[in-house]
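Before anything else, here is the set of structures, which you'll find just below.
You will see two complexes here that share chain A, one where it goes with chain B and one where it goes with chain C.
After this line comes the complex of A and B, so read on.
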């Protein structure tokens, strides 16, 4: 008789961040990441001004997509207000710099804090909501923020746009690219550390089953507020940085299109992975620029792509890459074994 | 639920039986903090725990399993056991946490599956994983097991019984086991309590309880056969 406790053949193995002790090939992975970052940092040497601007914006979206992945992918809280938090950070920073004369770096930090506080508050209000109700409540919040920003002409200049002082005294995108690249790397690295820590376990437990997480001793109230505040704070910092790079803020950046773009990036790249939102943000931003001539039709293309990914291969591009790499490695290993056998004497 | 008064002694294994809908799971939910009491109180080692949120109750030493196995499906088997070790009130070092989780997986014979996602487990394996997760709690004074043997393969059932007995003997943990399997309860629990329509109707050794007319009536209705005996194998 089969052992009923023994593992069934073909069991699914984990793809999420592993505990520190389980990172067997951590050194090789770190070297790969360092090489990738080094290559990305050298891109301004071979690319022109416009492609570097596109990559700078892509880095901005990497931060937004990664921080949304933390709250929606890893914690299971499907917030539709992430773009609004970026907007809150951007406007708070811009107004502090313009009206209070705060130095831009300090204003950016305050913008992040404002978004963090708003996110923490929203997290507290929506604590007991899940799925559709949470999505609707956060969407309503985001729309309210956008409408207030549009209508408060005296403060925000509404749809006319608010001119914002630049962070760096240059119009060249290169130093901004380096700054955004560093911030994106810091965000992804920070999230990797967070997810491998005890907090990561708590967040993933909340996503899978909040009642059981609570019964296991996880203070779900505390961690849901924390994750709302943290991901909103990151989005706010990104928004503030972006505002002081572009030099002009308008409520258009707080329309739902922007949120849809973030969701597309995460789903296309692969949610619940660290590398997925990075791949998704770069692919979507670069493709978006390449297809600029098609206007809003691009969104239709991206939406169809997301439907296709969800239907055919939910792990997204990151999962696809991992699968191909595994097959290639197994193929090479099988080839080695065959060759070795062929060389063996009769 | 009303008129429920019970005491589980430290290190005791107590069975809890009753017909479907008698309030057994509700009682476990009330003790575990998943539901709130309207009146009365629940104490753990003299400290009032009724009204506390479930995570505080867990921090004080109450762990539980669920009737339909509830595991963290997208986490690995090892990670499932690490969740209570990573709970808010715990400060266990990583290496120690891992070692503790691996010991529990060996105890429940799930160690060969530690890297598998929990969604891939069978119902019985998921029950075992729930038990391992439950036993990973620290401090652990009382384990609430809600029908842990229902629909489980005999080999897994045997492993569960051994685990309960071993943990009870080694760590002095009390167990409150809801089950319809009289033979298993006969092996495990010197005393059982019986609930019917949300009320306490009997308490004592299983053989005595099985002869109690109120219990027979609750299970079989008025005018049923004269005794409710434990299934073969019961003590």
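After this line comes the complex of A and C, so read on.
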């Protein structure tokens, strides 16, 4: 029952009974995950082209939200440049493919590497900044990247948008969907492995108390740079893939609204959980497509939901699902279902 | 490049700089009292602009702009106090694990909320109230009347703000809270009331900038985005938590932008600020007046 994923020292207590995807029996859990993935992979058989496109975009956001959850949720480095790294990856890959004639898959890999390097650099520069200054510095970095991309129109075609060669020679979204689904699954799976390794403990230790972590022998400098590079690299890969799927890049995708969207997804789903960003990204993306008729009112509702979650129920949708599942299993009377709300004293 | 033109641009830079000061002083004031950054500052600026536009085009008429201004500013201030009371006060009531993270997430959500609410209510259109003041001749230089009013208004508000903070009992209470919350509490200062008023005042400064600039720039849902950028640039340049820093930084930024666009190229107008920011961070990482180490 002692699940290493449970952040023992984080804000969520590990004592509560867990949902089936996290509960005891590892075999049953992996069977559930496999069944879920299989069902998701079979969706193109029953859904039309457009819903599949929406789900593909949702997978893209799953990758972004999960990797941001790694750096901001688990490691506590509240970076506001995640969308910019996706943009860096996308533009680097597109320019390599267009100007240097690189094959698209190689270009995507290079895009990811570029974003990883940029993230590593930013992590190194902002090492000693904490909290507010880190947020300000990463935000300023993201804004500068966006301005440079829109100004250097000789190279990036600026706000006109850059037409990008497609990854696959097909107009059907289905192979793209399968690819994005695989990538999203790989990201979440990889993060799960990372978080239950020793590295995962080091990262959470940095979040909980950096000084104590250092005193306990965690090389905080190395792991902060590592987590910046890692999450930026993932975001860059996702951005590059997405660019070669949509076929058009523009600096508008690097506006701060995009970062706000990622934050909304992670908070709505549940910070510092593996399933949270997945749920959040899929719910937000699918709901905003389904409710397209309501225009900007959707974003108003999402923002209100996030504020409400921060204010009264920080575990988010993932915590809510877990609580409901526990109640279903144990009946209303049994079980400490409010366990998530126990937080560290200040 | 003749001297008249250069003076004119420098003057225009100072006029805009004074408005930037309002934003920056608001951000740094809220930071010093509540130790949080209000990311939704630009949205309060935007709301101030809408309030002023509605007041002078629909209700009061353009000739009574001087009635509309205080109303718009007070309205934004009251909205800020409500936001603080409902969303931010629980930060200090215990139970929230990381204050800065909570404040960041909530205020970023507020930007999304207000921006999209503006689109829902007023549509994505750009509004601009008519100029209400005739052009002013300032020595040899003609200045757009509304711009001049905005400049005077900003200077007057900054003066009033400085007077309140430096010379009144209320200002003394605020400064004591900024220095040491526990100490202020034990001296009998009602912390939650000071927090609420400070947030309202800080946000009202942004609203004032928006209301003053309504006839100069356009009023639209994203109009706050750029002013948030400027505000934060000034904060980093001047040093977080320093009022002098924000005022000097604001004027400096206005000057650099204005002179940069005439001497180098106007296309990169919004990049000069970042250039200045990088330069100052490289030379003096705490900003010009930042007194603390870079650990918020």
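By our rule, the second predicted complex is superposed on the first by the 308 of 346 C-alpha atoms of A that agree within 3 Å, B and C clash if a C-alpha of one lies under 4 Å from a C-alpha of the other, contacts with A are read in each partner's own complex, and residues count from 1 in each chain.
As a working rule, a contact is a pair of C-beta atoms (placed from the backbone, for glycine too) under 8 Å apart; a residue touches a chain by one contact, two chains touch by 3 or more.
A quick note: this is a predicted structure, and the numbers were derived from the prediction, not measured.
When the two complexes are overlaid on their common chain A, residue A:264 makes contact with chain C while staying clear of chain B. In the superposition on chain A, contact is made by A:135 with chain C only, not with chain B.
Of the two partner chains placed around the shared chain by superposition, chain C is the only one that A:143 touches, whereas chain B remains out of contact. Touch criterion met: A:211 reaches chain B, while chain C stays clear of it. When both complexes are overlaid on chain A, the residue A:201 reaches chain B alone and has no touch with chain C.
Shared-chain residue A:171: touches no atom of chain B or chain C.
Where the contact sets of chain A with chain B and with chain C meet, they give residues 11.
Looking at the complex, you find that chain A touches chain C at residues 11, 76, 78, 128-133, 135-137, 139-140, 143-144, 147-148, 151, 255-257, 259-260, 263-264, 267, 295-297, 299-300, 302-304, 306-307, 310-311, 343-346. Across the interface of their complex, chain A is touched by residues 31, 36-37, 87, 90, 94-98, 100-102, 104-106, 108-113, 115-117, 119-120, 225, 229, 232-233, 235-236, 240, 267-268, 270-271, 274, 277, 294-296 of chain C.
Residues 3-8, 11-14, 16, 19-21, 198, 201-202, 204-205, 207-209, 211-222, 272 of chain A touch chain B in their complex. On the chain B side of its complex with chain A, the touching residues are 32-34, 53-55, 58-59, 63-64, 66, 70-76, 78-79, 82-84, 86-90, 94-95, 98, 108-110, 112-113, 115-117, 119-120, 122, 124-125, 128, 133, 137, 153, 155-156, 159.
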